[in-house]
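This is the structure I want to talk about, given as structure tokens.
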Amino acid sequence: MTNAVDVALMIDLLGVFFFAVSGSLLAARKGFDLVGSLLLASLAGLGGGVARDLIIDTVPAAFSNPAYLIPPVLATLLVYFLFSGVERVSNLLVVFDAAGLGLFCITGTIKALEFGLHPVAGILLGVTTAVGGGLLRDVVANEVPQLFDPRDIYALPAMLGAGLTALLVGTGWFNVVTGAVVATLVFALRVLAWRFSWRAPLAVLGWKRSGTA
Amino acid sequence: MTNAVDVALMIDLLGVFFFAVSGSLLAARKGFDLVGSLLLASLAGLGGGVARDLIIDTVPAAFSNPAYLIPPVLATLLVYFLFSGVERVSNLLVVFDAAGLGLFCITGTIKALEFGLHPVAGILLGVTTAVGGGLLRDVVANEVPQLFDPRDIYALPAMLGAGLTALLVGTGWFNVVTGAVVATLVFALRVLAWRFSWRAPLAVLGWKRSGTA
Amino acid sequence: MTNAVDVALMIDLLGVFFFAVSGSLLAARKGFDLVGSLLLASLAGLGGGVARDLIIDTVPAAFSNPAYLIPPVLATLLVYFLFSGVERVSNLLVVFDAAGLGLFCITGTIKALEFGLHPVAGILLGVTTAVGGGLLRDVVANEVPQLFDPRDIYALPAMLGAGLTALLVGTGWFNVVTGAVVATLVFALRVLAWRFSWRAPLAVLGWKRSGTA
């Protein structure tokens, strides 16, 4: 299990970084300043994990381990110095968000199972962790969340990833390799769904889509 | 007290269902897809209770008892298959929301009192539980929350219901019958306030209402 | 340390009042009614502290001490009876918000340090407490948060105040006088930044500001 814990921590910090970059990119698109970029990076990167840790009733990792503050700072600086073209903001945002999604649905599920939640609750918490940071990011920036955008599929890959993780942990097959496969699968599904506009049925049978979201 | 606990659980699951339907109906109105409908149903149905349980420092019921996941799934399917007319979305949304409000102001207050909070805190937490799920639902869907809509009264019935519940529990008169009376009263007040545009005074003495919210 | 705790409680209640007034003023500007004013005052005044207490895993002060409910009621009545001119809403809102910011970055940091968090986490939680209530206030009222408004500096003064507080507590120099100096400094910096449009660099190097936020 120690191995799984180490993988979870490593993946967790990387996931924080990916979501943090998505936060800084949204800050750039909304015309926020450097401080707003850092705050939105922190909220996107740490929000899902803080929600997860509050629910399983432990002090949030972001507040007990200062290492969690490094990814948002790196993300803010990266976007500040390396980013230039305005036309690529939205695309990059989706890609980094998808990378975070792929990692957090795994780490959220694992941490929940380690705290003794049953598998169904573990999957629910994994999905909450995965979509929580991005949801907070979009809500505080006053956007309709990507999570609810009916033009492509967002939550389904995270649900699949959390379910596979619970299955792998339950069968004892979870390790670095299988974890990487799940993360890659979730990432690929999300990016492909966005690129090719894979869609789920609308909320009401028989209703037609309007032209835009 | 066991009786009160059983009533609370039954009412709680029913309240989750009512709010979940309101979430799926809002998802329909916003043009979200089926997955977004399930997510908004879950957030509306479970959000208030999760907030309540975080505040009284217990693992949220939604994450310890898988039964809480059934009402959002049912609500999503119900809206998907049975719903048809677009003109009735807003009306039905208010009615289901009112039903959830009537039940959650009771269960929230009871759970708070059972955890030893004093009556004032119990009432505050009951109101938080009752309005929390609907507030989260409207906020993540990027709407001005019903809670703050000055065209009718929303929170007052919930405050009254939470206060009556605290009184009934304190005097030992809380049971299935008195609980049902309180829930019906809150539901009726909310629906009547909406139907007949009962209003509270504006936030500033002497200011006039604009034409719309 | 008892002295520091007393100072923290006094400052905390005063901070709740300042943020509560900002909430009622925003409710006035948005055309909400008296109940919405009370709710937005409560959310703005108590939201940051509740988030802080959830993170350090204690029952939120607002739910264990009924005294915390008095400031929102006072703020709602104050705005209802004493407020008249529409043109001053935005200005007063910023001033009261700044006063709350100055106090909460101190009380949040102190409470975190008392619960044994390390200084970096204490500063992070102090900033979270200071900006949390105002963020929730703006988000539920469906506004782009003041926190992210690139036309002036908002979070930097709070970060400075939380950092100075951690330094003063760590060196044993924190007391009523030094606390008051820090609060005044944060308040003054925030109000001056707003009055004279002090700005931070944008999120991306070389991008130009658009005319408005």
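A few notes on this one:
Chains: A, B and C, in written order; residue numbering restarts at 1 for each.
Criterion: contacts are C-beta pairs under 8 Å (C-beta built on N, C-alpha and C of every residue); 3 or more make two chains touch, one makes a residue touch a chain.
Here the structure is a predicted model, which is why all the values come from computation and not from measurement.
If you sketch which chains touch which, every chain touches every other chain without exception.
Shared residue numbers account for under half of those found at the interface formed by chain A and chain C, and the copies are therefore classed as meeting with different residues.
Distance from the chain A centre to the chain C centre is 29 Å, each centre being the mean of its Cα atoms. Among the residues of chain C, those touching two or more other chains are numbered 54, 57, 139, 142. Taken in their complex, chain C has these residues touching chain A: 54-57, 112, 117-118, 120-121, 124-125, 131, 135, 139, 142-145, 147-148, 150, 153-156, 199-207, 209-210, 213.
Looking at the complex, you find that chain B touches chain A at residues 24, 27-28, 30-37, 39-40, 50, 54, 57-60, 62-64, 66, 69, 76, 79-81, 83-84, 86, 139-142.
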